[in-house]
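Each structure below is given as structure tokens.
What follows is a pair of complexes built around chain A, which joins chain B in one and chain C in the other.
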Partner chain A sequence: MRSEGSSLLLKLSALGGLVFLHGPLAIILLYAFTTEGKSYQFPPPGLTLQWFAVAWNRPDIWAALTLSVNVALIATGLALVLGTLAAAALSRTRFWGRDNVSLLLILPLALPGIITGIALRSAFNLMDLPYSVFTIVLGHATFCIVVVYNNAVARFRRLSPSLVEASFDLGADAFQTFRHVVLPNIGTALLAGGMLAFALSFDEVIVTTFTAGQQTTLPIWMLNELVRPRDRPVTNVVAVLVMAVTFFPILAAYWLTREGEHVAGGSR
Partner chain B sequence: MSDLALRRQGGLSAVIDTLYRRPRIFLAVLLAPPLLWLGVVYLGSLFALLAQSFFSLDDFSGVIVREFTLSTWVQLLAPANMDVIVRTVTMAALVTVADGIMAFPIAYYAARYARGPMKAAFYLLVMMPLWSSYLVKVYAWKLILAREGIYTWVLDKLGIEALLDWYLSLPVIGGPSLSASYTGTFIVFCYVWLPYMILPVQSALERVPGNLIEASADLGASPRDTFRHVILPLAFPGVVAGSIFTFSLTLGDYIIPQIVGGSQYYLGQAVYAQQGTAGNIPLAAAFSVVPILIMGLYLAFARKLGAFDAL
Partner chain C sequence: MTSPSTTAVLFQNVTRHFGTVRAVDGVDLKIEQGEFFAMLGPSGSGKTTCLRLIAGFEQPTAGHIEIFNETAEGLAPNRRDVNTVFQDYALFPHMTVLDNVAYGLMVRGVSRPDRERRAREALSLVRLEGMDARRPAQLSGGQRQRVALARALVNRPKVLLLDEPLGALDLKLREDMQEELRRLHKQLGLTFVFVTHDQGEALSMADRVAVFNQGRIVQVGTPEDIYQRPTTRFVAEFVGSSNVLTPDEAPRFGGVSHWTSLRPEAILIGSAAEAMDIRQPAEVVDQQFQGAMRKTLLKINGREVWSLAPAAQALEAGRTVTVGWAQGALHAMKGEGAHV
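And now, the complex of A and B:
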């Protein structure tokens, strides 16, 4: 008989790993309430809610937040369309060059973001394209496609092709088939993929620094504060805000795909 | 019925109907938009960048000379630049190994022992840090490693400041403070990329068939032998899959070493500085080829080890 149950050492090291992963995030939460505004003093001398009010009244933060949300929404929309098309094409077919297509999809995430960023930037310069929301979206959509694709492709594989054929045989046209047969089957996977893509875009900074020009997304605002801290307490609050904005889409994506065998966002 | 028949003849829809009956063409139509996007926007920019590595920067005027030359590539081989490459690759390798070691117990416990709600909790506990903001995570370490911050407080409470001072006095891994040393950079890299290692390892471990483990035990192997000769080899592609992320992400990162670490440059910073302040796009382009080349070799190697099935 082999022994069931895990050894104490395994339990402790797994627990230790989880503490290591979550400790720093808890610390961010704590610092948002500190009364100390000039340094990173620990333990905080006192706790206060005042910095949330200060951050609320900062127009620069609102502007950055709005830009980030807009970019993430447009990029997610584009990625949803392109990622779903790619998943529909690659899920059940085998053709020459198929592996290269899936490699191309994953490449923007597999290669370091700085390369994507600098490549796009120099291409914009070559084409004399001025920096705008559009240039930021161009970069974000590129690496969001694979996130949607990963979620959709697993669901497409489980969608029996005979369902689609039956729909056609019963007289439905292509749009009706997509609307009433395909979409209900892949809907939650798309929603999950879309939420993960939103979270990814909302948080992106490496590519964005190259494609944003003078515009400030929320991550760029944070990066400026990280390099040269001016408003430590407000930065702490923004950090909590960013965590919250990405937390809920991820939780929702998890609930939407939890029945499936597929792990949403398993390979970011 | 006539209504349906009419609708089926309607423009675009009829076209799609016809296409669906020709799988090859239908496939091409589906693939065209994503391939055009990635091909034009992504590959196009990438090749445009790489082509510029064959241009050079005029040192006096600071203008890019658009003539074919290999001088930029010769410049890349300068000892100072080679140092940057070696430093970055070493760091990426160390981070990958450390993350592999740290990820294994978590992945192993989650895959083999956690059941039901516990498993869901484990999964979420790994997913949350993976998806929470990169900058927030780096910022957390800036808070922790600050001189007046937590780690000084903890060391003080434990009374082991002398130990840290001794550690910081060591060559290479030491430095003026933890947040200005290679060790600091290393810790933050390990932290930020750890979840990327856990998930592929966990999914590889979950695919190890239970009956293989039982067979191994029935044939008289001790749990330790089973682990070494059955579980570890089968889970290895997962480790390689995870290492693609940890390695690639470390190679290209230019923010972490800038926030936590000494003054020495890493590849990402070198690329950033060349294209930014120096305005030397050709050299930045040549520098970018290095991680692409390394990752290309790495991916080919990973494919051989079966890592792509574990992604």
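And now, the complex of A and C:
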């Protein structure tokens, strides 16, 4: 039997953990509205929306935001195509070394970003590849593929192979089979994987620092701002923006895969 | 139906290997147009692989296949006038019943009103009406089976392939669907090729049966042929349990020195045995009541054999009785060989 005391202690420590994790986020949110521009004075002397206007008029923020969105979109698109193909191949066929290929695909997510970053940087150097948006995209795609792959492979495994055979049997070609049978069954998994990939790419710092040249993505811009403070609350405004852009896709991905589980379970 | 002698499916020395496994090993086969043809065998005997070779999901390692006089090797499944009812039905879970049935027409570019009309016709053919808007998950096993049938029939295939289509149904539904399939076969005049491991199903439904074992066809014939004149010990034992006598034992039972099959229902006990050509004393070893019959284990000439006695003929173990059978009930076979 569980005693009331340990249960209360458990609840308190859980609450403490959540506050420790999310308290700083609340502080960032609060200081995006402070009237004091130089220091983190508590409580803030007053609240204002002026920093949002300041941020809106800063071309460097716009440039960083545009770059981040572009990189995230391209990396996600690349990951959707390659991740789905890899998942389809590895879940539907058996071949020698399949498990090793699967491990190698997942590795970039487990590998520390700094290793991936250094490895890619030296590879780009060896290939005489100039650092550009392209190299950032390649860096991000390494871990974006993993999340798309993981989502897609789980769904492919639940997809009965006879569905694809039935489609061919009824006269459909490969494209029609993909469009009418495979895609509707893995669609939510791809959307979820894509959104997670987008969110991961959008706030990535470590791999980006190694693979970017002069380009500044939004997280890199924020890092620079912390070292050379200039209108501190503007940085907080951008932080709030990053939170919003990454939070909602992750939430949506969660809901989509939850619904997917339900649908798949129901059809059994 | 055109002339009854048209060959629907032809296999010439067809072989399919998976690595070192010879799933199908030199099969010759000729299925006539309009036939209800059963492929019967234990699991792993190659019957399902043969079906998949006709459907086009597998390609032969060697040999030649024709479907209505057209070479089938290298022809993709979507280029064959052949449709399949899958063992797990393989209904598209994200589509309604109507869209499932109309799928084959949709991918061929038939307009929506047309394909929905034809899909409804196919559904009424299998007597499943008023379920158009449901999803497969909302149907019972028997209803899914009917959707799968309608979906395969809507394309008007030349050959309908059925892969253990009744395996997932309970007994009562199975019997209903057996009748349903026979009715459909008569009504449509199509060639049906049916895979099953259930000998009762094959015997009761098919015009002809091919018995498979270890990748080969052991015997092809009408259900009566297969049952009454098995050519090998394997067929005798797999198709309805038979008493198989060794060449040594057969003469003592009134036969010749060959591997010999003696069906349990041919062995009569007591007064019923009086009129038989061959009569012998026997000891009752055991009896199992089975409703219509009593399965009786007898010891004749030191050899245990099964007999089917009428339900009314209860016999206690240890009793000595007279048993008898007709000379013609002893069927000599070509050999013992499991797959000769």
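Note that the second predicted complex is superposed on the first by the 249 of 268 C-alpha atoms of A that agree within 3 Å, B and C clash if a C-alpha of one lies under 4 Å from a C-alpha of the other, contacts with A are read in each partner's own complex, and residues count from 1 in each chain.
Criterion: a residue touches a chain if its C-beta (ideal position, glycine included) is under 8 Å from a C-beta of that chain, and two chains touch if they have at least 3 such contacts.
This structure is a prediction, so every number in the text was calculated from the model and none was measured.
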Simultaneous placement of chain C and chain B on chain A, clash or fit: fit
Partner chain in contact with A:173 - chain B first, chain C second, else both or neither: both
Partner chain in contact with A:252 - chain B first, chain C second, else both or neither: neither
In the superposition, chain B vs chain C on chain A residues touched: B
Touching partner for A:63 - first (chain B), second (chain C), both, neither: neither
Chain B versus chain C as contact partner of A:235, first or second or both or neither: first
Touched partner set for A:184, first chain B, second chain C, both or neither: second
Partner chain in contact with A:163 - chain B first, chain C second, else both or neither: second
First (chain B), second (chain C), both or neither touched by A:133: neither
Least C-alpha distance (whole Å) that remains between chain C and chain B when both complexes are overlaid: 5
Where chain A meets both chain C and chain B, residue numbers: 168, 171, 173, 263, 266-268
Residues of chain A defined as touching chain C within the complex: 160, 162-163, 165-173, 176, 180-181, 184-185, 263, 266-268
Touching residues on chain A, where the partner in the complex is chain B: 1-3, 5-6, 10-11, 13-14, 17-18, 20-22, 24-25, 27-28, 31, 39-43, 81-83, 85-86, 88-90, 93, 95, 101, 104-108, 110-116, 118-123, 126, 138, 141-142, 145, 168, 171, 173-175, 196, 199-200, 203, 205-206, 219, 222-223, 226-227, 235, 239, 242-243, 246-247, 250-251, 254, 258, 263, 265-268
Of chain C, residues touching chain A in the complex: 55-57, 76-78, 82-84, 86-88, 90-94, 103-104, 106-108, 135-137, 151-152, 155
Residues of chain B touching chain A in the complex: 4, 7-8, 10, 13-14, 16-17, 20, 23, 27, 30-31, 33-35, 37-39, 41-46, 48-49, 52, 102-103, 105-106, 108-110, 112-113, 120, 123-144, 146, 148-150, 152-153, 191, 194-196, 198-200, 203, 213-214, 217, 223, 226, 241, 244-245, 248-249, 251-255, 258-259, 268, 271-272, 275, 281, 284-285, 288, 291-292, 295, 299, 311
